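Each of the next two complexes has chain A plus one more chain, namely chain B in the first and chain C in the second.
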Partner chain A sequence: MKTTSDNSGDVRLSGISKTYGSFTAVHPLELTVPEGSFFALLGASGCGKTTTLRMIAGLEEPTTGTVRLGDQDVTHLPPYKRPVNTVFQSYALFPHLDIFENVAFGLRRRGIKSVKKQVEDMLELVQLGEQARKKPHQLSGGQQQRVAVARALINHPKVLLLDEPLGALDLKLRRQMQLELKRIQTEVGITFIHVTHDQEEAMTMADTVAVMNGGRVEQLGSPADLYENPQSTFVANFLGTSNLIEAEVDTKNGDDIVLRAGGGKLVLPEARCSAPTTAGGKVLVGIRPEKISLTHADDAGEIPEGRNRLTGKIADASFIGVSTQYVVDSPVCDELAVYVQNVERDGRLVPGADVVLHWSPAHTFGLDAAQSLLAGTVGSAGTEEEVAA
Partner chain B sequence: MPFVTWLKRHLVVIAGLLTLAYLLLPNVIVTVFSFNKPKGRFNYEWQRFSTDAWKDPCGVADMCGSLSLSLQIAVWATVGATILGTMISFALVRYRFRARGAVNSLIFLPMAMPEVVMAASLLTLFLNMGAQLGFWTILIAHIMFCLSFVVTAVKARVMSMDPRLEEAARDLYAGPVQTFLRVTLPIAAPGIAAGALLSFALSFDDFIITNFNAGSTVTFPMFVWGSAQRGTPVQINVIGTAMFLIAVLFVLTSMVVSNRRNKQKA
Partner chain C sequence: MSTLTEAPPPLAPAEPAKKPPRKRGRFTPYWLLLPGILWLIVFFALPMLYQASTSVQQGSLEEGYKVTWHFATYWDALSAYWPQFLRSVFYAAAATVLCLLLGYPLAYLIAFRAGRWRNLIMILVIAPFFTSFLIRTLAWKTILADNGVVVHTLNSLHVLDLTNWLGWTAGDRVLATPLAVVCGLTYNFLPFMILPLYTSLERIDGRLHEAAGDLYAKPWTTFRKVTFPLSMPGVVSGTLLTFIPAAGDYVNAELLGSTDTRMIGNVIQTQFLRILDYPTAAALSFILMAAILAMVTLYIRRSGTEDLV
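Take a look at the complex of A and B:
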């Protein structure tokens, strides 16, 4: 079932944009999705990710730019002439046809007569062989989702587009289907482009994630790269949680930048800073909550040298099983989030206790201070409630 | 006391049966009297059992001619109204055009207008145009008043249709024509069928509008009305009973078919 690798499954978007009247849904965009990869477009609703997907499918005509599949320019081809298939949000299964006919639809439209064997094999792949003669409404949400995938995959498209395919499923089923989709993708080796607003879903499944915001790609990279080294406050806040501390550039020391925050000094590797760093300029220092260690103020002397440190007072602690989540107020920044694994719990770390927060400079990242601190957080413009889930 | 308890328990069933009897009694009377052998010209009093009328349903002069005319008009009115009404429904749901809101409400005017008024104004219109009253004027009138019913039935169906289904079809290699034939039309079909059935029934038994615009042409309802003045032949009951039986048979067949289909699926 593996397709030959002649780059014919590469998707190249160049200068592609979409405007509706005076509203720009997608700003001119350059994007290359290599053949055989699992690519995710991640962003809140209204960020242009679905519009981008629909332009690849041919369901929207781009205002400018071109869409290329391998060597073929498909910008002006109607959807039924593109070697691309889509798994729609809420599946869009044909209610008047049974499961077999739903899956056979694409083959029949291309004039293929003997579809029985292929359809049965495909239903086997998604473990629905028994349900072939049922109507879509007789299946559960997860089964319908698998029919939608089978109906698209049976055509051996060069690219499979998935538009929020798991949005309608409950949490447990969603986890299961994420693994299932990943398994299918590995098995068939087709390029998958997956649109989602769920950062966890994107990180679990995709090799490469493009984070979109306001019709633009904010950052593109592997899930680990995006998480460990975000280059904008939007990415830092949208993917997981970040503590962002305003600081001032003091001096440069080899490959490191020394910053001043409140009275203390923080060290940031220059390679991990995406902002201009002139002496005296402002920079946002970012650190993920699980990278921070908490030590009671009485034991401050035991903290090794060379670590970034801040003092503070525990404002709140919530025990959630595997870890304890602390909120710490520090003179330089209120409400720092700290996640501590429940390995050896220090009984003194209760609300009101004075603590020292410390972490390795290698985990620190630097962002341009000219951005909103709240971009990408829940409740700020352009994001939706579900992001918190 | 046991009677009161029994009554309480079965009240819903009793009420249901009574309502059903209320609905069906006229049909039963029509059927029973189709086997009557009346003394005079009027078939209003039971005399004795006879199958004479059933053996010779067209025995009354002109009756079967008017029946066939009514059936023809009903068929053509159904075809015309269904095609036009379906296209109007799609236009109203799918496209944004000027005066769309006005068209949306105007289309229902024939349903709301008293039939006598519409009949009279249609006659005025036809006379002013110098049209010859007859088959064509009846047909035009019938298509006109059936249209709003078709639009009502089809529009509801088209509105509840997920536009993604058609996108999915296009995505799966169906061109515009294939998409319409394989997806749009089958999904809208129940609405279209409902509109068509309604049109047929409305056209077949329409009297008021037809009577105004028929000229010297006589449809079946007009024939029944006309003969009721001079005497009612038993054959009218025969035709009535036959129509009722055909309708019941139609419903039963479709129920059996869909039942069997569901059983196969399960």
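Take a look at the complex of A and C:
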């Protein structure tokens, strides 16, 4: 995470937690969101991301810990006294007020008399100047969403909180709004904290993403960093797809670790391994599907030296235009996913064909083998033990 | 992944349906309406017509009544009984305001704060309907009795001095005064206020309160600017359901009031059942109906609830 010398607008959560009876929604959490950044809290439903957001907004009182905005401790301030505004999941626009009055609501509550100019400018920013006198239910989902953003932004909050703001929109509109929100954030320079369960959305929009699981922050970093260097199986599986192969540490060779998997050897740069490596110990080897190349077994001799290799048989292939996605059965791993760009398609790569999978060792990452392989995949959230690792 | 060189031929266009859509289905809604319409004709439209004709008849019980288009009955009835009309409107309005003041906080509590007690409180609100309207009103006679606890307490607190001065009570008693009648009306029609209020409050999305708080509205401002405007449909239907029957009520004035608190309902009842002056009674009924209709229309126009979603 980037550090700024001037931290007057940073959001700092220290030791913040929330329990409901015996259920812990958020475990004590340390988090600093630098001023002016676009920060995403990413996780499956029930991971505590929305609760964290609501504690910043003041809609939930934390069980322990403090919330600070810059130098101000706002932990016990009611929402209406916090310089923070929220874009709610289903927008929560006031149905009895027109768009103009919805946007003007916050200004009027703070006793500002001449709101016309500001409201008109704000509606212009979100391209809704024409709709000012309509009621919320007369607008489309995307327009309502923009009203919700305008209604919050007009107050120039120190932090804008977005609670799954695009969840109700269809895919195409969501893509469009992602870019729109990013544009607005760049334009106004306000800190955005965005809660989402859509990893693609988080990666497209945010400067920094915190992946949450089971009430804890599993990993925090830039989207590229999280994608390339996941520290846990949860992150590896939740952001995109990962192939995870169980392997045993064989020897160390300079900066690299040599591992045994099945009959073959795999090389992993030590710097990219987040797990302790002692000879004979287990490690999970991870590789992203698009980093793997496929070569028909007959041409195995043409593969350059120094690449990690596995053998297998194509179980399934689906053509999706830009790429072809293969599922390969291999002795070390049942279903390896491989994405191959459709540049030069090899006609022999059809289900049933014997193939060699190979990739550069530099693209390999290593994870602690004491975690569930399936954490973060569809239908399985990580359990407490895995998170604690 | 074989390549298609030829798209499959489209399905042959369906034969245009030769049979026109069955006629019978089109009349189903009207058949379903029939029982209701018949009921309305027999028990509403025909009695109304009969009443209307009665109101312009002349004659006597012994000689029989004849339709003579004697519209003067309306004018005579109005000039003779306008104080009772005014009193009815005033008492009903007072009871409606009291019902709103008592019912709104209760409905708010049930809708937002009652949690698991919600159903129990709702049953308690409806519970009075399990006993007869008459019995409950008679019970108020005991509650407000001259030597009862209520009157004693009010007396020792000098509240009755105040209400005497205002003209709501007379002497050291509550029974047989305007106050008793308004109390009875308020009590009897309170559930009709609470139920619609509760329904419209309960429908308000809790996130709107959060959004208002998030946008710098203090709790009271949130109520004024968000909750109350959104509960307007409930306020309007609650006040109508209270005001309309209260204006025509005669039981409360009969049991809890005196000759000085007679409402128009009492007059109509007396005309019909004791004096047997049917034309006057019918004319009074029509005047009351027209007056209420006019007031209600004006009220709905003013409150602008048709604009609310």
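The rule is simple: the second predicted complex is superposed on the first by the 374 of 389 C-alpha atoms of A that agree within 3 Å, B and C clash if a C-alpha of one lies under 4 Å from a C-alpha of the other, contacts with A are read in each partner's own complex, and residues count from 1 in each chain.
Quick note on the criterion: contacts are C-beta pairs under 8 Å (C-beta built on N, C-alpha and C of every residue); 3 or more make two chains touch, one makes a residue touch a chain.
Quick caveat: nothing in here was measured; it's all calculated off a predicted structure.
The superposition on chain A brings chain B into a clash with chain C.
Of the two partner chains placed by the overlay, only chain B lies in contact with A:D98; chain C stays clear of it.
With both structures placed on the common chain, the touch criterion links A:I314 to neither chain B nor chain C.
Contacts of A:L336 after superposition: neither chain B nor chain C is touched.
Applying the stated contact rule after C-alpha superposition, one finds that A:C47 touches neither chain B nor chain C. Of the two partner chains placed by superposition, A:V209 touches none, neither chain B nor chain C.
When the two structures are aligned on the shared chain, A:A353 is found in touch with neither chain B nor chain C. Of the two partner chains, chain B is the only one that A:R133 touches; chain C does not reach it.
Annotation: chain A residues 57-59, 78-80, 84-86, 88-90, 92-96, 105-106, 109-110, 135, 151-152, 155 touch chain B in one complex and chain C in the other.
Residues 57-59, 78-81, 84-86, 88-90, 92-96, 98, 105-106, 109-110, 133-135, 138, 151-152, 155 of chain A are the ones touching chain B in the complex. The part of chain B that touches chain A in the complex is made up of residues 162, 164-165, 167-175, 178, 182-183, 186-187, 189, 264-265.
Considering their complex, residues 57-59, 78-80, 84-86, 88-90, 92-96, 105-106, 109-110, 135, 137, 151-152, 155, 317, 319, 350 of chain A touch chain C.
Interface residues of chain C, counted against chain A in their complex, comprise 1, 205, 207-208, 210-218, 221, 225-226, 229-230, 232, 308-309.
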